[in-house]
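Shared chain: chain A. Partners: chain B in the first complex, chain C in the second.
Right, the complex of A and B next:
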């Protein structure tokens, strides 16, 4: 409450529009900026302002409840509304905060990876991607979701392709992502078309009302839901639809990977929650069937298979990418449990995983920045040559495994308890087994780094060469967050758990 | 069975285009052909939306008389809100029956999105051609495979 009064009233009032419009406009301006330093500062300030606004909106939601912003004063269902509630506000803050972390990191990271004259457009594309993700999360209009989805996707294709300066495989990866992503978005829009046929509206709240009046609606609504789940599944890398992800994560520039891994799939997952629990309703029989069998099924299979695939990768970035697919499985399992506790655990894992994977990829980018390495075999002795970066990698890695006192532990325990409460003991077993698999694929890298000795080049042992401070600071901020959530320092853990519970209660309350 | 098909031939066209597009995307090795397939696939969705917007016997949604109090805008607003009841509402408020304009507007946006996707896809293919010297998918995979095996990093 006290902090909330520090925010100017106009910022909170206009905040929902501000967080989309500002990066969109500045994206255009940054693209034509003559100086790349100026472009960097502009992008950094934009993301900072959005973070502050998103934080204010989050506090406002917690003290005053959800708020509805009508674009241009047109009331819903005809006008476009922006919805800030307990479900969207934390994701907004997550995306904005990760954008700041990435932008700080971008200064040194892009030096190694992006040509100087391309840097201003690069930041512009980043801002567009950021605006698209924020828009996807905040909008209350279903077609708007598609538009923002494409805004973020198209700029992401360009960003991934920028990795070609470092590794030509980035081009093929970006192309693959473009094909899969466009098919996904088109499936989504087909689904929306069917929903529009059924309900005659595009406003999500209105859709939800009409659908529950119709008691789930006819076959048209069912088909629409199917298309939407598949479309979003492609975007969030649901297990059999994840084939674009390893390439896109492994070959794009480091900062893009960090941002993608921690936000893009999370925004799509948020949309899946939105559509499954508020637009549709688990009380419709087809909705609960999809939740119970499809989401849980692909989630569990994905957890196991992607973890196994992660073990056999030679490229450490691909290992982490496959691990991301596995972690999406945890979140889907959480959603699939469909109790308040299960959704809360899935949602918490969504937030935690963004922080953990962000930290891991930040460290990975620093290794590349200093030594140009991504292969696991090249990690020998990194603990001696880059102790601080490797330390951050280790702690984030342990958090990914789910070691006590780290963020991963909290969400995994919550997920396990939720599964056990539901009586799904096989799910508990799967969580334990995949955690063991995580020990193997993270442990493999840690073993090389801590027990190997630095390689010799021209008869001389490689000397200590720590990452620059602007890379270390964002990395360690995420590491401290991870420990803070796990050990409940400064009440961080309680706040995160509370945020996830509020989000879950909102979903289940409406689903009631 | 066939009479339904002929009565609702527009849906049949949508489905045929959709499946053709998807098949081309998955079956062809050539990167340009894949993009062509993707465009066909997206175009089928445009047709689907336009089909939804048509109200039988409806005229183009242009308000004929502009009253001082803008009251004549009302049927349009109502029509924009609800496709199913558009006909009934519009008829209730005025003598004219309008087609629903909203899907057209949505599709204008979707067309722009499709153009942007195609543009970026084609520019990617140009870059791939420059770097790999081929635009056949199996050729690229073979090059990448040897590239991965030899372990040349730069």
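Right, the complex of A and C next:
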């Protein structure tokens, strides 16, 4: 490929380690930086460099196939290996790109929301969280997954708690998330322990080979699988385990919400795919049972239930948070269909939803930044006071509903087709019903914003007060991406669909 | 008035240097026996924590200032990661210690010593940071305000 030759060879060769090490070490440096502006610049440059590297790695995977990087030169299964393939590379690029978007946005948002003294550690925690998420996605070692999971989780708890400067409920939300997240991580590591007992290895590829030699293994492997699914389920906010999510999304600083909503649950979902389809195999009877009944079951119930809850929230951020739980249901449904088309649709929705929800939360943060509002009833007349921000919110909202020519439409249609091909007409009905519910909860906000008139304060109508450019630019980039995917501008839609199909083919074993 | 804790103070004053010394033994003997940076870091931090328990938090904070803690945490991580960066600069994979010296096994040796030192720094600082954070925490509402 042409673009690929522009990347330095060293970056492509050492890229897998580079995207983890750079944010990790810069996190340590940023933590002791005296200047807050310098800390912001450092964090921004780190995320930019990682995005470029992740893009190079993605191109490399598509032209040369999957690559394996050995940490310290120790070959797997003994050493830790980093694997970049068609499944992990798009998620890597997604996380890195969303980190850049949130870092640009962070400049005004953090000044408004985080105490000056805590800003440099805030960026440091952000970089650590970023490094942890990148590590979770890229590593080929199951125990290493746990380590990076904890790196990202612990820094996330701190980031959520930083919201306390504007809303004290952030502390309770962070504590809740800490307890739930720790339980999730513990379940995950218990599951790994059982797997290690069964297979005697921690390398994922090796584990997969041994498990298929054992034809799925004994009860130990089954128990291990159960623990891993529950542990990851907590992290990805699978329906009955999602209780930490609304609080964490609603009260953390805006930029943290944006980053969490678009990457953290996505990385956990990626791990679920990894474990369900490559470490274990759907040909084991317990694996397919969990996929078919548990994942689809909680996915569908979550879609309906969380969408209903979203309708009745007074706080707009909580509406979006519950909507996130519902959207996870779509992805789980896609995984549960378990055909190449179904997984591809679920994977595509994973990428699309990150872009859509990122846009929505960016706009939500801007509303707070200008007027300090989060309740739906306060949205009256926002289309007049903040037209550009509200416009971005509207387009992202329509994309969330699944209106044609937007990203949400593409993934929902693909999911519907996959469900229909499988003969699951009830699933098609559920998708339609939850889309209608999405119209209600997004429509409720749009209605207030576009048909309400701006409130009067001291006898004067609130004047137009647009969000700063540093907030508008990242917002509109995501909006254009969303439209680009939906209307296939510049081949964006085709590329996203192709990426998801390649990932799905890798999982069902047709070849990357 | 006599100091009621005089025995504790005298005994711990004797003990603290030995605890610190033992920490370094665990650190540098980690190549040949059980031990290493993590264990040594915890033991070294225990020396400071014992000092804080007996002589008070303020005395401990003058002996081991909180600003060191923050720098120590970062420096430890940087020492670990920096070793990897050096191996990158020497043209090998990340953390391939083999290239650090002419003979590969010497390189492995130097590499692991540098990395373990980083762990010692980071673990000591983090343990003390946790202790300081809990120890110096002021209740946000006074007892009477409830």
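List of remarks:
Methods note: the second predicted complex is superposed on the first by the 509 of 512 C-alpha atoms of A that agree within 3 Å, B and C clash if a C-alpha of one lies under 4 Å from a C-alpha of the other, contacts with A are read in each partner's own complex, and residues count from 1 in each chain.
One rule holds for everything that comes next: a residue touches a chain if its C-beta (ideal position, glycine included) is under 8 Å from a C-beta of that chain, and two chains touch if they have at least 3 such contacts.
The structure presented is a predicted model; accordingly, all values stated were derived computationally and were not measured.
In the overlay built on the shared chain, the residue A:193 is in contact with chain B alone; chain C does not reach it. Of the two partner chains placed by the overlay, only chain C lies in contact with A:73; chain B stays clear of it. Touch criterion met: A:28 reaches chain C, while chain B stays clear of it. Judged by the touch definition given at the top, the superposed model places A:150 against chain B, while chain C stays out of reach. After overlaying the two complexes on the shared chain, residue contacts for A:158 are found with chain B alone; chain C is out of touch. By the touch criterion stated above, A:133 is placed in contact with neither chain B nor chain C. Judged by the touch definition given at the top, the superposed model places A:390 against neither chain B nor chain C. Touch criterion not met for A:264: it reaches neither chain B nor chain C. When the two complexes are overlaid on their common chain A, residue A:99 makes contact with neither chain B nor chain C. By the touch rule above, chain A contacts chain C in their complex via residues 14, 17, 21, 24-25, 27-29, 31-32, 69-73.
For chain C in complex with chain A, the residues that touch the partner chain are 70-71, 73-75, 77-78, 81-82, 84-85, 88, 92-98. Of all the residues in chain B, the ones that touch chain A in their complex are 18, 22, 25, 31, 34-35, 38, 41-42, 45, 48-49, 52, 77, 80-86, 102-103, 106, 109-110, 113, 116-117, 120-121, 124-125, 127-128, 131-132, 140, 144, 147-148, 151, 153-154. Residues of chain A touching chain B in their complex: 77-78, 143, 146-147, 150, 154, 157-158, 161, 164, 168-169, 171-172, 174-175, 178-179, 182-183, 185-186, 189-190, 193, 196-197, 199-202, 314, 372, 375.
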